[in-house]
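Quick heads-up: structures coming right below.
What follows is chain A paired twice: with chain B in the first complex and chain C in the second.
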Partner chain A sequence: MGSLILSQVFNAIMLACTLALIGIGFSLFFGVMDIVVFCLGDIAIASAFCILGITSLTGVYAALNGIFPMVVSNIILVICGGVFGAILVTVMYHTVVAPFEGKNINASLLSTVAAGYVIRELIGIFYPGGRDPQNFPNLLPTGYLFNNTMLSWRNIIIVGTTVLVLMLLYWFVNRTKAGISIQALSQNKEASIMIGIDWHKMVIVTFLIGGFLLGIAGFLTASYASTLRFDTGSMYGLLGFSVAVVGGLGSIYGALAGSLVIAFVEVFVTGFIPGGAAYSGVAGFLIVVLFIIFRPEGIIGEKSISKV
Partner chain B sequence: MAARLNDKITAALVALGICLLVYISLMSSLLVILIIVALLVVLLTYCEKTGLIDTVFQLMGKNTTLTSVIFGLFIISLPFLVKGNNDLLHIMIIAGIMGIVALGLNFQIGGIGQINFAPAVFYGVGAYTTAYLSVRLGVSPWLGTIAGVCLATLTGVIIGLPALKARGYYLALVTIALQTIFTLMIINIPAVGGPNGIPGIPYYQIFGYSLHSRVEVFGLTLPYQVNYLYLVYIVFALAIVAASRLFKSRYGIAWNAVDQDPVVAATQGINLTSIQLLSFCLGAAFAGMAGALYAHYTGFISNENFDFSQSLILICMVILGGSDNVPGVITGALLLTMIDQKLADYANYRLLMYGLVLIIILLVRSKGLLPKRIRIYGERDTGMSNGDAKLAAGAGGKR
Partner chain C sequence: MTNFLKKRSILILACVVVSLSLMSSFLLAGCSSKQSASAKTVKVAFIGPLTGPDASEVVGPKNCFDLAISQANASGKLPYQIQSVYYDDASNAGTAANDAQKIVSDPDIIAVTGFFNSAPCAAAIPIFKNAGIPLVIWGAISKDLTQAANMPYITRVVPTTFQEIQPMATMVTQTMGYKKWAVITSTSTYGQDTLAGFKAGIQGVPGVNIVSVDSIADGTTDFRPVVTKLKSEDIDAVFFGDNLTEAALAVRQMQELGITNVLLTGTSALTDPAYIKAAGTACEGMIVSQSGEDPTLLPNGQAFVAAYNAKYPQGSYGSYGEYAYDSTNIIIAALDGLGANPNPKDLATKIAAINYNGLLGTTTFDANGQTTDKLTTIMVVQDGQFISWDNSQYKTGVRKLPPV
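Then we have the complex of A and B:
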């Protein structure tokens, strides 16, 4: 029983890692722009498809492996995915977010949801065999640490990557000028523009960083599941937004806390309730609905009171 | 007097023109429909520039009896016009069903300005309730339909309750989450057929006459779709009347007031809880009715008819046609259903089309093809100046 609980805890942490990055993506965009970009999940999956596409181009992958050692070429691939995510997010910003800035939020809401569908369908139509599940190549080393089945290298690297990315993000947000500008913008947009922060530049920087995060998130979740389906993006994005809301929209640490909550609920419902595997998604979303009704500011968020 | 007669003739001509357009686009191929749509958009922009559109709407509004008789005659004669072609009749039936759901969804999107991403849940609850009752328990389809509408309305309360607390993005998340939960539930509960759906749903019967039987009139054998065409369009007509009356009633204005500013609306004596729940419940009842009709028409339902993409399609209809404008919503539903059914050869591109249509319409013409009209009460020539009429229209011209 003890080892069962331990392995479930480990599963939950793995799931939380794949959710945390996309949740942070949602929080980042909301913090800076007061906007929720609903197509982030599809962008993450599209980046994973980009990595998959590069590896299936035999010539390129072989050439990469010929020049660099295996590890370096794999890291280059992941970075390619991240760059693809960043480009895609910037394109999305210019096509479906920027035209609706400052207007009724319903327009941007609808356009980003529709954009998610467009990305997903484009993958389904134009990627060769895109509507079938794809095997994601195993770019992470196989084998186990201490011969313990729970501690496979793949899992350790997924957790490690998440922690590394989070540390880099912490450094960026708190130690660099751009990061501090982004924080200022998320606290008070007008005041920060007044003291000379270039809002448009910061928005682009945020989108580039968020897109890069999404690319890595897509890679991690695809490696974790080892299969890739074109239509998982909307579910993944929905979970990511849920995570951000449960933790407190706009807060990076909130997204981390939220991802742990959602992941533990889903994994424990799957593991400990008979026949619960089918209902793990239901349980996760019920938690979100309850949070929105009873504690809309999330775990970490501050309560906002609107005065007339 | 002569002017009145002239008005009547013009209104009748416009109504006939609309019927002709529907008929032509029904009969022709996808390309022709797209050309017609393009021409219509040009015509619309021209009419808006010259202010002609207001005159047309006024005329149609004054002569509702005449125009509705023309539309009614058009629907009655449609089976003969298409010579009993069951594919074309099927398209019109589906368009009618979608129109009912879209009118219900419009109470939320157009009325209180909250985007409900789960209209397919209401639609599905109506369909699954009546299917379950009539297939597994042998209840009469009519009673099943009533039960479906009631249960859908209850679902409306369940989805409407979070909407009291959450607005905007949070409501979007809640409704998408509930939509996902619904899809997961119907896939995983074996009692409702799971992924296989419910086959063999009985057809409606009126005094022992099954609606699933051929009709022979004037030596012409018509397929069973004719019965359903009339049934669906009777319900659709009722829904249209109800929706346009609601739009003009105090409730319609109260919904718009909540949309503009809930706090101000509350200070003016609008009960936010009941008025918002009403919007969700009425929408759900419409959708539940449509779902029941769909279940008893096709005889088979499965989870694919009620998933998130179906919700997106319904939202697309409301936004494309013009939210909070009954003729607009009907236009959106008819147009998109026709294009959708004609796209059958290119099924791969269906959802891509909906996504692109939604983005393009939001970018180019965010109020829809037929934007919302200002409410006008009473006769124009009672001495009220234009400005007064607008004032009287209350929360009419928003956004």
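Then we have the complex of A and C:
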């Protein structure tokens, strides 16, 4: 029983890692733009498809592997996925978010839902065999540490990458001018613009960084599942949104806490309640509802009192 | 405060959007169908998920529908040319109900063949029944879709999940002796139906019991919590009742976590090359049962395969193509003899009473509208391909299945 609990704790931590980055994506955009961009899951999955597409172009992948050692070429691939995510998010910003700026906020919300549908169906239609499940290439090393199936190198790298990205993000948000500007915008947009922060520029920076994060999130989740399908993005996005709400929309550390809460609830309901698998999603989303009712600012959300 | 309230209201709005997108079932007010005075046009509708997650499965059936219609039009045996019309249900019950309303309000549509998924089919059946439009189901296999109350309008050429799973369940439990089972299935109508079919299939076999049942929502990608739990239970075999992507993910994650010595079984949803591609080596030796038979082994099959390949050199007819072909031909055969101005009601009565000798053998419908042709084949994955159990090296003992 002890080892079973330990294994499920590992499962939950892994699931949390695949959810944390997309949750942060939701928080970043909400913090700066005050809107929930609903197609983030689809953008993450589209980025994973971009990586998959590059590896399936045999010539390109072989050439990459010829020039660089395996590890470096794989890192380049992941960066390609991140850049693709950043480009996609920026294009999406200009097409479905920017036209509604300063107008009805519902319009941009709905247009991002629609954009998610468009991205999903475009993958299904234009990627070769796009509606079939795709094998995601094993870019992370195989094999196990201490011969333990839980401690595969892949899992360790997924956790490591998540922690690394979080640390880089922490540094960016707290130590760079752009990061502090984004924080300021998130806390008080009008005052920030008055003291000379270029709102439009900061929005673009946020979208680029957020898009890059989503690309990495897509890569991690696809590597963890090892199979990718064009429509996984909608559920992934919904979970990412839940994570952000539970942690506190707008808070980066909240997203991390939220991902742990959601992941532990889902895994433990599945693992320890007989027949609980059917209710893991229910339990996860119930937590979200409870948070919205009783603590809408989330676990580490900004304090509402300071705004009164 | 206002800022906070604004954020909160956006949040609530966002949640409304999420819940709306989750429960998408908008039924339009019913429209009555009316008969046109002079029927110059006769349309037969095809409905299925032309977009969405199951779209790849419906390419073959749609092609087979087109093939049957074009063959009938070329033969000139009907006094008019049949027009094909297509409706996309996107695997969604609400969309299917909308489509059904559109179909019954088009007076030219005389019959419908359709449905890959059971839930959209169930949503559309009452609309067709009330309007008196015959529906011949080629793909949705939930047991309850065909009922005496729906006769003569709703008939089905494909065996139900119960009819399909039965022979496989008997073989692996009674003949081979696998006793302790785990079931991984989906929370969908389909998943619950396959679960019930499997339970019915093993009922009464002494010593066989189901240790755990895990129903998992479609779209889940992480099965490790369930697999980790199975690892702690001493099981002989697993039955997968879910769709191919989920089953592929689950068997891969079982292999990854080191559960390799149990028998894997599944439903006809897995008999698609895409499944083997996604599951990789993890599905070697997996046993599934499928309704129907390889068309090339059927008496009328060679002509069908030749005609199909001539018209669609690119694609395969898929798991349900032969059923779509036969269901369309049943509609055409029933139209024969109804004159230049056929009436949907007469057509439905004629379909329900048909004795049709087609691709899959002789089809007649029982009192519920269910086909009496229960042709099923047991298949096994050998070297990354589904082959008939009877021709496999697993049957002859050259290759070994996991021990009981």
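In the analysis below, the second predicted complex is superposed on the first by the 301 of 308 C-alpha atoms of A that agree within 3 Å, B and C clash if a C-alpha of one lies under 4 Å from a C-alpha of the other, contacts with A are read in each partner's own complex, and residues count from 1 in each chain.
By our rule, a residue touches a chain if its C-beta (ideal position, glycine included) is under 8 Å from a C-beta of that chain, and two chains touch if they have at least 3 such contacts.
Everything numeric in this text was worked out from a predicted model, so none of it was measured.
**Student:** Once chain A from each complex is brought into register, does chain C clash with chain B or fit beside it?
**Tutor:** Aligned on chain A, chain B and chain C clash with each other.
**Student:** In the superposed arrangement, which partner chain does A:Ile105 touch: chain B (first), chain C (second), both, or neither?
**Tutor:** Both chain B and chain C are touched by A:Ile105.
**Student:** Which chain makes contact with more of the residues of chain A, chain B or else chain C?
**Tutor:** Touched residues of chain A are more numerous for C.
**Student:** Which partner does A:Thr90 contact after superposing on A: first (chain B), second (chain C), both, neither?
**Tutor:** Neither partner.
**Student:** Taking the superposition as given, does A:Ala115 touch the first partner, chain B, the second, chain C, both, or neither?
**Tutor:** first
**Student:** Quick one: is A:Leu286 in contact with chain B, with chain C, with both, or with neither? Answer first, second, both or neither.
**Tutor:** A:Leu286: touches chain B, not chain C.
**Student:** One more residue to check, A:Ser56. First (chain B), second (chain C), both or neither?
**Tutor:** After superposing on A, A:Ser56 lies clear of both chain B and chain C.
**Student:** I'd like to know which partner A:Gln183 touches here: chain B for first, chain C for second, both or neither.
**Tutor:** A:Gln183 sits against neither chain B nor chain C.
**Student:** Tell me the contact category for A:Arg229 with respect to chain B and chain C: first, second, both or neither.
**Tutor:** second
**Student:** Of the two partner chains, chain B (first) and chain C (second), which one does A:Phe38 touch, if any: first, second, both, or neither?
**Tutor:** both
**Student:** Just checking: does A:Val267 make contact with chain B only, chain C only, both, or neither of them? Give me first, second, both or neither.
**Tutor:** In the superposition, A:Val267 touches chain C alone.
**Student:** Clash-wise, after the superposition, say which stretch of chain B runs into chain C: 163-171, 253-261 or 325-333.
**Tutor:** Clashing stretch of chain B against chain C: 163-171.
**Student:** Quick check on the output: what are the common chain A residues between the chain B footprint and the chain C footprint?
**Tutor:** Touching chain B in the first complex and chain C in the second, residues 36, 38, 105-106, 109-110, 113, 121, 124, 234-235, 238, 241, 245, 249, 278, 281, 292, 296, 308 of chain A appear in both lists.
**Student:** List the residues on chain C that touch chain A in their complex, please.
**Tutor:** 1, 3-4, 6-8, 10-15, 17-18, 21, 51-56, 187, 212-217, 219-222, 224-226, 228-229, 231-232, 244-245, 248-249, 252-253, 256-258, 274-275, 277-278, 280
**Student:** Spell out the part of chain B that touches chain A in their complex, as residue ranges.
**Tutor:** The contact residues of chain B facing chain A are 109, 113, 115, 117, 161-162, 165-166, 168-170, 172-174, 176-178, 180-181, 184-185, 187-188, 263, 308-309, 312, 315-316, 319, 348-349, 351-352, 354-356, 358-359, 362-363, 366, 399.
**Student:** Spell out the residues on chain A that touch chain B in their complex, using ranges where they run on.
**Tutor:** Against chain B, the touching part of chain A is residues 36, 38, 95-96, 99-100, 103-107, 109-111, 113-118, 120-122, 124-125, 234-235, 238, 241-242, 245, 249, 278-279, 281-282, 285-286, 288-289, 292-293, 296, 306, 308.
**Student:** Any idea which chain A residues touch chain C in the complex?
**Tutor:** Answer in residue numbers: 4, 7-8, 11-12, 14-15, 18, 30, 34-36, 38, 105-106, 109-110, 113, 121, 124, 129, 131-135, 149, 152, 188, 221, 224-227, 229, 231-232, 234-236, 238, 241, 245, 249-250, 266-267, 270-271, 274-275, 277-278, 280-281, 292, 296-297, 304, 307-308.
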